[in-house]
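So, here's a batch of structures to check.
First subunit A sits with subunit B, and in the next complex the same chain sits with subunit C.
What follows is the complex of A and B.
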């Protein structure tokens, strides 16, 4: 009766919950971020167990990998700027006052009630009711691709995906505005081993990212997973200073940010006419159009994620200093 | 006990832990981590809803929704972290 896989599920579920508690209870922030990365990878494993390999890939690459890199970079920045002050001054800045016990208890009780309500709703809901499975499998022959998740993302619900790319574009615009004129913490120096590691892994990452993108048409993978893996190339180049962003590269970067959104929206509008509405690709050209969109969106995602990691817009060197003096 | 019940309850537990953290944590970075936990918990519930007993293939629509959610969350995280960095720098300048 007891399936060994159920034991594995219970063990994995227990570890995930324990790690989630540890993320919030560990004192050191660096440890918390590392625990969070482990938590994300185990969640990806759980999703792979639930037959969702696309989601698992996206969570491992974007939700854990890129997010972890962003968190560690922010922590480095915070530590650099609080080192200048004494410990007391740093504590004053963050205005940490002990929370009254009553407030903590009330919060915990509230969260417990929310969890209880959700659990009752979840256990009472009809299990494995009819979803969109039948609709999707009926429409698959017209989608132009063989993998259902890619068909949903790039064809049946393409409008959602376009808006998702727009959100990514909005994020990079916001980050550039927020960090305008911000003094940057100097990047940590990386040793010889690191440079050699980057040289060895860069070509491999490029191949893996491109493979994920190409494979997305018939198997798990696709623009977002491939884009995130290619963004890792950008991160490595930035960290190892093989590439240093120059102010003159801003124009090219801006074009790369809007490329995906622009082509996606352009294709969606150009296929209209002759009784078709926006996003309704003609079935005979669907595969070509989806590949075109995916390829260019991948480039945009990779450049945007790398820019989000770098943070500050590469402006001329004297600009932040003059801003700093005022 | 089936995987969907186990991981469904895991998702609810992770969401509740994240919610508690977002309400109680004082450090900004820690609060951001708590909100990330909430989003992963919500992802768990959607993936569980898409799951079907093995011979059947899962429903692809919730999978696509979770992928969209992950990308939107990384965008929101990047903006929040930029705000945190900016606030810290401003506070450090004020203290000097």
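What follows is the complex of A and C.
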């Protein structure tokens, strides 16, 4: 109670709520996205204050960085296409029907019920839940790594993490198949400063991303955070047009997307036998295997996030197969 | 080294998806191989379950609550077999039904990822793991929804994704609060938990998320468009299999958790009744065949929830069996019906119900399959749908819930009415101007709906063994 940072915490909590309200009430989409990014950064700070540095890193890198970039890119696309259309065609694209009053009331009732449930669950929750802490610290010596979060993610509950990686794979496959043969919005013109910025920051980002991954074994960090930071390299390359995706690169990209999933699942299966079940790494090799999995998963995450930012399968635009619009 | 069939049924589709994505030209072969290997693994698993009652594996050697264990009992294996069998037939149908090169290429990885997610759900014993699995299912299912590439499909897919993500988010928040309460995530921990207000609120959040995902009225708004606008094999998978995953989780959670009270159960039954009536009215009004079939899914989901709520005086420990039978029956029949509807649309050239009787083209085999599937969905003997509906009504009558019997009967009559709209179109010839042509020869795509529809009707004869199989290893806590 006598924590000198209590004022800071209160201020932080207040600003997060205020920013959330601002995101929802601002009419201009660009402003909303910028406020959302600030909101994400402050949330990351809040996670750090809650002694959850892993979550803070993930929130900053994925929840704020990559998500913000995706939102801005989408906005750029939306504006490009609505500018290019005549007024009628634009209206056809975003046909907004007025919502009937009954639906609004029903939605409000539904949200009210959910909020009530949240409130009851929150107020009734114990101050400090029992949690996994004791179990995890008992099992740590057999995990092969020194950081408990990494031990949970890559060893104790590796199955969940594998499936999280699969979710990302499913996302990129779903995005690639939506390729509609539409022309791309032109990239914004970048000045000299921007190119110089890219040249300066790229090496630094690579080092930071790799460091996050490497430190993950004994300190906060790991595949998802490292991958998201490395994805920023891809974003910068794409934005600065230093790299332009070509149809001929698809094969390589596919391998990069599935690398993490494939190796993770492969290791999980190959360690079976001799009384061991799937995901049961031999203790003497646990650290090596976990690092191998994390490293390759990081590459997959980085490439996948960058591909999601690009947002489409790079197909030749005049190829007949890419046209199957209505 | 023999691979555990439990593990195989998860990893075969996963590796299949990876390989099908890497080698688009061989995607169909890889996909079929993966599905066939699951079809081989599931009977092996069924044998083990028959012998032992329930089989489980603690992944990584870490026992719950720290680790995650997979567990198969009668209900899981029944769901796995339904998924594998329907999946195999839909896959065969997809070989022929998907014409577009792009659709052929992307159907397989998405479908195999979907299969990974669904098998994962049926084997899971951990609520966080269930959340991850429903995310896998959601993304793959959205991908399949928009596979046809039409503007309507993309719009419906976007709506589906919003609903799906909202449902998953509610589920996740519930999981978080439950974890805060009891400090563990495995089913065994949940069963042992002390009932409390906060605990119920957490579970209720999870259940609401699942209701949204399984499209129970009035949270069904996303389903008809999404299912009606997908390509036929995708519709069959979405309607026949995907909604079942959320239903299954609902069934597992609600029958085994310290949760339900009488008010809540009645509420679920009432929502089910709403779905039966409202879905029936919309199906009567639907102009397009696939939309009618999609609305009939809304009706059937309502019926399944009525069965949850009210089939028996013993409460949920008795009524879940009627619900599970209806789930199985609907999975098989609806997949067959959507494939048949897709065939009819392909052959006739449109799927406007009013004009079906004008068409000189009569794809008789697909129409026959459609009619058989309708028999099971209406619930005429000897179909599996009949057995499901019968055990629902028998249980409700025994417990004296006459108004629930009435709702079921009204739903049945309405389903007769809306399916008759279609069947009459098949059988009338007086509005045809040109000479009537039956469709030219057999197509591989006719086989899948026919087999599915025939099995939906004839599986009713096997109802007794299916029922006793469902009970293996149940209730959850009894066998390790």
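Operating definition for what follows: the second predicted complex is superposed on the first by the 282 of 326 C-alpha atoms of A that agree within 3 Å, B and C clash if a C-alpha of one lies under 4 Å from a C-alpha of the other, contacts with A are read in each partner's own complex, and residues count from 1 in each chain.
The definition used in the following text is that a contact is a pair of C-beta atoms (placed from the backbone, for glycine too) under 8 Å apart; a residue touches a chain by one contact, two chains touch by 3 or more.
As the structure is a computational prediction, the values presented were derived from the model and not from experiment.
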Partner chain in contact with A:267 - subunit B first, subunit C second, else both or neither: neither
Partner chain in contact with A:52 - subunit B first, subunit C second, else both or neither: first
Touching partner for A:136 - first (subunit B), second (subunit C), both, neither: both
Which superposed partner A:289 touches (first subunit B, second subunit C, both, neither): neither
Which of subunit B and subunit C A:126 touches, first, second, both or neither: second
Touching partner for A:157 - first (subunit B), second (subunit C), both, neither: both
Touch count on subunit A, higher of subunit B and subunit C: B
Subunit B versus subunit C as contact partner of A:149, first or second or both or neither: first
Touching partner for A:238 - first (subunit B), second (subunit C), both, neither: neither
Touched partner set for A:277, first subunit B, second subunit C, both or neither: second
On subunit A, the residue positions that both subunit B and subunit C contact, one per complex: 114, 118, 122-123, 131-132, 136, 156-157, 160, 164, 167, 170-171, 174, 178-179
Parts of subunit C lying in touch with subunit A, wherever the complex brings them together: 1, 3-4, 7, 11, 14-15, 17-18, 21-22, 57-62, 65-68, 100-102, 105-106, 109-110, 113, 116-117, 120, 128-129, 132-133, 135-136, 139-140, 142-143, 146-147, 149-152, 154, 170, 173-174, 177, 179-184, 196-202, 204-205, 208, 218
Subunit A residues touching subunit B - in the complex, by the definition given at the top: 5-6, 9-10, 13, 16-17, 20-21, 23-24, 29, 32-33, 36, 39-40, 43, 46-47, 49-52, 54-55, 58-59, 62-63, 66-67, 70-71, 73-75, 77-78, 81-82, 84-85, 89, 92-94, 96, 99, 103-104, 107-108, 110-112, 114-115, 118-119, 122-123, 127-128, 131-133, 136, 148-149, 151-153, 156-157, 160-161, 164, 167-168, 170-172, 174-175, 178-179, 182-183, 224, 301, 305, 308, 311
Residues of subunit B touching subunit A in the complex: 1-10, 12-21, 23-27, 29-30, 32-34, 36-37, 39-40, 43-45, 47-54, 56-68, 70-79, 81-86, 88-89, 91-92, 95-96
Subunit A residues within the subunit C interface of the complex: 106, 113-114, 117-118, 120-126, 129-132, 135-136, 139, 155-160, 163-164, 166-167, 169-171, 173-174, 176-180, 254-255, 257-258, 261-262, 265, 268-269, 272-273, 276-281, 321-322, 324-326
